[in-house]
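Take a look at the structure set out below.
Read from first to last, the chains carry the letters A, B, C and D; within each, the first residue is number 1.
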Amino acid sequence: MNLIWASILIPVATAAVIAVANARAARSLAAVGSLASLGALAAFAWQFPAWSTGAVFPEPCGCAWLDSINATLGVGFDSVSLMLALLEAFLIPICVIGSWTAISDRQREYYGWFMLLHASILVAFAARDVLLFYVGYEFTLVPLLFIIAIWGGPERRQAAHKLFLYTFLGSLFFLGSILFVGWQHHASTGLWSWDMGTLSSFASARLPANTQFWLFAALLAGFAVKVPLFPVHTWLPLAHNQAPTAGSVILAGTLLKLGTYGIFRLALPMAPEGGAALAVVASVLCTVAVVYAALICWVQTDAKKLVAYSSVSHLGICMLGLFALNPVGAQGSVLYMINHGLSTGALFLLIGMAYERYHVKDMDQIGGLAKRMPVWAFFMVFFTMSSIGLPGLNGFVGEYLCLFGTYIATGDASTGYPGLLGPGFALVAGTGLILGAMYMLLLVGRYVFGPLREPKDESHGKHAHDDHGAGHGDLTGREVGLLVPLALVCLFIGVYPKPMLQAIGPVVERTLAPYPAAVERTLKSQPQAAEAAKAEPKEDDRG
Amino acid sequence: MNPIDPQLPPGDPLVMLGLLASAILFAVGIVGFLSRRNMITMFLCTELMFQGAGLAMISYGRQHMDLSGQVFVIFILTVAAAEAALALGLVVLLYRRKETLSAEAWKELAES
Amino acid sequence: MIPPLLYAASAICAVGLFLLLRQPTGKARLGATILGLAGLAWLLVQGVQASGALGFDPRVAIMSLAVAMATAAAVRVITTTRPVFAALYFVLVVVAGAVAYLVMGAEFMAFSLIIVYAGAILITYMFVLMLAQQAPDAGGPSVAYDRIAREPAAAVLCGFVLLAALASVVGDARTTKQPAAMVEARANAAAWNRMRGMPELVQERITAELAAAGKDPMGWSPAGGLEVAQDGRTAMMPVTLADGTRHETVLKAADLPVNSTSLGWELVTSYPGSLELAGVILLMAMLGAVVLARRQTDMAEDDRRAAAGLSRMNVEDADLAGDRA
Amino acid sequence: MIAAPAMLSSVLALAEGPLDAHAAPELRWAGLALLLPLLSGVLCLLCGWMKVRSKLPAALTIAALGGAFATILRLQGVVGETPVVINLFDWISWTWGDASRFHGFTANVDLYVDRLTVFWMLFVTGLGTLIALYASEYMESDVGKGYTRFFGAVSIFLFAMGCLVMGGNLVMLYLGWEGVGLASYLLIGYYFTKPEAVAAAKKAFIVNRIGDLGLALALFLTWQCYGTVEYAALWKAIEAAPASSEWTAQAIPWLLMLGAFGKSAQLPLYVWLPDAMEGPTPVSALIHAATMVTAGVYLIARMFPLFVVNPDALAAVAWVGGLTALLAATIGMAQYDMKRIWAYSTISQLGYMFLGLGVGTTFGASYHVFTHAFFKALLFLTAGAVMHGFAGQLDIRKLSGLLKVPGFRLVSLLAVLGCFWLAAFPFTAAFFSKDEILVSAFTAKDERVHLLGWIGLVVAALTAYYTFRVGFRVFFGPVKYEPGDEHHGHDDHGHGHDAHGSHGSHGSHGSHHGHHAEFHPHGPRWAIRVPLVLIAVGAILAGWPSYRTMLNHDEPNWVKTQVVQSSAYQGGSADSHGSHAGHDESSNEVAHAEQAHADHGHLVLGMDAHTAVGRLGSLACIAGILVSLYLHLINRGAADALRRTLMGSIATRWIVVGAERKWMVDEFYDWVIRLPLRLIANILSAIDELLLDAGIVNGLGALPAAVGRLFRPLYGGVVQGYAVTMAGGVALVAAWVIWIWLRGAN
């Protein structure tokens, strides 16, 4: 418990120190602070006793926060949230050190905001109290807004506004839903409680199916914006494209995962009936997203935008695994969240490194950089392969299990987990593998390989040279030092995912426990439901 | 709806006409005030509204057979006179500043 | 009045006025005028009908004419492109209004209206117009802001929503109406009552009554209060004559005080404070007009501060600087 | 996270994996065949890191591959007919619940060692070693540039190929499958500054990915049907429920087929292979001729138990193979680029292999893989040597009589030898393997494939023709050559042997004297010669098993023994494998299997099938060679005249144009798939940016602003604006109050 709070509060304290410290010391302070936070969390993870049980540790305490409605500052991890938090704590130092030379103005604010962003994401992952989760979830927008709006690209203002308003709108659905559940709990038991476990068991057991349907729909709508799921994804390409490198990294790395994590942690356990009823709809959106975004990636010329759209496609597969509603898919999905954070984060980092040298990321103007930067090219190919799911690297395990889970999510109960999807979904989503190879190799083929093309206007390059000492040379030791840990983690997960799978397994089974029954009910009522849907789309009379 | 009760004796048509006229004058005054940009015409339109108000006072005074209506017209005249004196003085001042009577010339006084 | 018809008539008026505001010419102007007048006529007819009055009353005809004239003049006030004409049309409004006042029995106010408005206020307007108005071209309208009505649609919409609302109140007036006889009785009772506060007038009327009755008009003394008859047409007051006999003097309606007398009485008895306030208002207006009319010199902020004996701030008054340039 | 130590210990415990009691202890070292290439790959990476500018990476790679080859050789000696599963460490495996039939998924890093595995690995590692040796000289101009990268990729390739072949479950196979795809991608795109190379690499990867999707789906289906993807358990499960008629079981072979066709360049996915020749020649020899492209054959052979239950799928395999063979042969006849011809011949020969698989002779297919690997590697490597010596010249019209050029005699000789093998000249190794396939085609139980036997014969004739078209043109005849305009692919690397300034000054090819003045083709040195000779020896020896069988009818064919004693053979019932422990009995079984062919008693042209096919095949081959001899050696003008004649007539023009333009298949795909897809993508992109984002999202966002803008003129500072609001408000309030009032009055 203390270590959790330490990992959360160290960045906050660092931000406070940065605010009063010398501007030149800001980045060093931030690096130290983020590493200390990572250390605290790692220490917690080291002694974490529930790796293989799926339980929450420590049991959330009743530390009062808002007494009148019994909201607490309950924090605790199970293995899934701890893994995501570790990913977050791991990426933040990389972001901080990755911004070492890229950010030259208003450094104190930049690193201060970054530390606050870090703290709020950690709060969201650690929270066991839904209101606390909401606070962490929502507060991430504030630092991100500033990070994008101040240090972003030419359209940063618009991007930041869109990011903020869009995802804020989505969060309102989510907030409304959890307030509704809390209120229902109060109405039903006379007690206020905002504990995730309590609310989940209450909602899944006590709320009628119809209510669960709408509850799930609202939660899905809220989190889908963050994920982002087609068709509410349009804020992402712009935000990614305009954000500074580190912003993109953390956005792709962990912020999007807040959405998937929210669905996994809140939507699925709270409303199993709704989940079962809406799985097909959501999965259709996911598969559409996979193909749609992949095709869009394929015609992008902006490297960063391409990777941004690829996130939409990839997270479609991730969500599809979740909606397979069986342990295979859900495991794959959780693993995919981590993998996507690593590989896409690394790709953004790499593109940022090239951008720092050339100030261009349009592939019409720049390309064949392997000739100038072989080490960069090596990592680029490495993470591309990780991103398109080459077996032996991390992307494969998650992607493969997601598709596998989708595939076997048929109505028969031979796995013990009947599902609503099946080979058709897997086939369509599987084309994402082909399309993924198409666009990522297009990126590599044009951006990394091919004849060397550099922007004509050399003044940018000169400028960069004078400013940061990076010039057009290959990666510096600092940059390589950032990428090597990422690559090693990718490799490790790809080669030996067993410990992670074993850690995720029990949590997933716990989450999915009510689903076989719910899915069975949905399957039984499907003919009627289909007719009812034809007659009156809003009617849902299973309850 | 306003049912006309046939049992009721007929009312005074003069009052009705007076009230209608007052309403019309007031409305026309408002329309004029809103649509004209000449400051003097705008003040004339306020005078039109005063006229409407005065007529309403007289009409209601007649309906209630009370002299207070007429008394209030006196006050209205007073206010109208005072307003005319001050407003026209202001108009002259403003005109000296910008050599125009258009109200739009003073847009920048807005906060935005 | 039946509100839908009322609203329809208002709407027609509104359309007519809107068209007129767009400064049409020729037949369009004629059509718009006719449309507006038709709407107005319909409105007035509805008003007269709603009053439930039967038979022809010349006062109603006069009143209708006055109202029509006032309205037409008012429309001209806001549609004409030349402010001088607007002012003159406004005089017409005032005159028509005075006619309506007269018909409704407010003689004093009718004339003071003409005197104050047409005689004083409008003359002021004319002076200001002469001071401020740019010299118009021969025959043509002078400046753009006079030629074009701005946002006439919004203005007409606002104005006529208000008109319809007000008119529906007018239509409702009848339900609160009492029988005409009773109204008159009450009015006369009020007037008699007011007369009690005017001992001189009562004395004069009684003396005249006594003389007419062939009694000794001198040396009488009141023997009781003024007792108003049930219908208010007469009032009786017992007096003790000089010879000691008691006589009941009967005063008739014609003996009631005239409008201006009653008004004056009402003013000083019921509204003395307001009267004082009105005086103050006029005084302040006069002072204000004097201040405003004082010769103003365009001075920048710093100059003004210097003139006031304050230290200069070296602030460039952009507005004035722009003006000078 | 205590994972790292666990992993480390499991890797260290490699040699102590659980083994069957009766398995030879040496089998424990099978993992070395995987680990050594991996090690050399890592070392190459380190070399790249350290910026090593020597031939060290090549030495490391050759040593590692040699080590792997030695391991396999050792295994060959000890592998029994009982498959052995060696668990290296756990990869993806966990279980859930317990109430269900399938409550776990296991795909560990296992090795599945049986004779087929070892047989396959034998030529993979053997050829790999030799070709790496060859490449160490061939690539020497790149030392310090891409040299390390090249050998790193080769190591990765061998590692991935090892995973593919030795993996103990379908997921391992998939790992290897994609791994070789990656290596292929890296190596085709080796000259990464050349746009064509990058495009070819991308194409190869993407087309392969289509096949991979099929493989992945087949894998899911397999699990869904049988609850496991591990070979050992899978065979048992199939044995328990051999012929499921459910669509799921029936669909597996079709999906596997898709994967195999992608990797092995069959219709309709063959288009990537010709383009893959953009890679360095050793790569073409190793990956795109000898080893990787046979992975599809391996897959189907390995998964043969799943195929035998579905005759339709087998027939489809056969037909696809036969048609691919024919199509590629016709294209090969009309090409001028030597490497490209060999590429099409590879496709054609792979077609043969699939034909063999389809008609049920996994032995024939595997045998052809084996023989083909050697002679095709030989042909590519000789082509590479020529190219190396002649500054990238590969056009068969511009090279002639190399047999007489000093320094190239050995190369030419070996190339001609390879030609004989490719043409399946009687009593060469390829002759026997091809014979096996064609006989099976003629005698197959399935009537639908008999026609393929004839097609196979036609293809044999065509093959002989185009093979010797190259052979006669390039290596015989008058000495005449024209160097290429660049060292192949080395667009910007200075190279001592480049023909500086020699091109451009000679408008037409012909006077080779002029070239002699400036250009001296250099013969290859030992690092190229030794592998060539060894591979040639291998090509000759590949026929050894058949020679022995010919000489001694009782002696079973060695290759057949290897294949039959694995999952690939489905002649006997599956359980008979386990019961037969001794070598003799299994060889009896082989004899039985051969007997089975004879028992069919099919007659072809009134003769016993074996005899007939042998004679017909020889005839076809010799006929092809003779035609080629006339047209391309004796009277070269006649070939051009023939072409002119064909071009002259509208009726026949399409034959020449079609064949030369590769039947427009690439263009067809371009027009039918790529361009529409691109169009759709552009439309979607526009929809996303304009409709979804700019339209709906920004539109919704702009709504409040628009409402604001609607009222904005009212507050521009003009009095009336405020007055309108006030008056309008008053009017509305009045209207509302009065409405309430009137309603209340009722």
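Everything that follows uses one rule, which is that a residue touches a chain if its C-beta (ideal position, glycine included) is under 8 Å from a C-beta of that chain, and two chains touch if they have at least 3 such contacts.
Note that this is a predicted model, so its numbers are computed, not measured.
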{"item": "Target chain B, source chain A, minimum contact steps", "value": "2"}
{"item": "Of C-D and A-D, pair with higher C-beta contact tally", "value": "A-D"}
{"item": "Most centrally placed chain - per-chain CA mean versus overall CA mean", "value": "A"}
{"item": "Mean-CA-position distance for chain D and chain A (Å)", "value": "37"}
{"item": "Length of the line joining the C-alpha centres of chain A and chain C, rounded to whole Å", "value": "75"}
{"item": "Inter-chain centre distance, chain C versus chain D - centres from mean C-alpha coordinates, in Å", "value": "103"}
{"item": "Interchain centroid distance [CA atoms averaged], chain B/chain D, Å", "value": "95"}
{"item": "Shared interface positions of chain B, touching two or more other chains", "value": "1-2, 30, 33-35, 37, 103-104"}
{"item": "Residues of chain D whose C-beta touches two or more other chains", "value": "718, 720, 724, 727, 742, 745"}
{"item": "In chain A, residues with contacts to at least two other chains", "value": "none"}
{"item": "Interchain contacts, given as pairs of chains that touch", "value": "A-D, B-C, B-D, C-D"}
{"item": "Touching residues on chain D, where the partner in the complex is chain B", "value": "715-720, 723-724, 727, 742, 745-746"}
{"item": "Chain B-facing residues of chain C, complex", "value": "1-3, 13, 17, 21, 40, 43-44, 47-48, 50-54, 57, 59-60, 63-64, 66-67, 70-71, 74-75, 77-78, 83, 86-87, 90, 93-94, 97, 100-101, 103-106, 108-109, 112-113, 116-117, 120-121, 124-125, 127-129, 131-134, 143-146, 148-152, 154-156, 158-160, 162-163, 166-175, 177, 179-180, 183-184, 186-187, 190, 259, 262-263, 266-267, 270-271, 274, 278, 281-282, 284-286, 288-289, 292-293, 296, 298, 323"}
{"item": "In the complex with chain A, residue positions of chain D that touch it", "value": "1-4, 6-7, 48, 89-94, 96-97, 99-103, 105, 171, 174-175, 177-179, 182, 185-186, 189, 192-195, 198-199, 201-202, 205-206, 209-210, 212-213, 216-217, 219-221, 223-224, 227, 677-678, 680-682, 684-685, 688, 692-693, 697, 701"}
{"item": "Residue ranges of chain C in contact with chain D within the complex", "value": "3, 150-151, 154-155, 157-159, 161-162, 164-166, 168-169, 172"}
{"item": "Of all residues in chain B, those that touch chain C in their complex", "value": "1-2, 4-5, 8-38, 40-41, 43-45, 47-48, 51, 54-55, 58-59, 61-63, 65-71, 73-75, 77-86, 88-93, 95-104"}
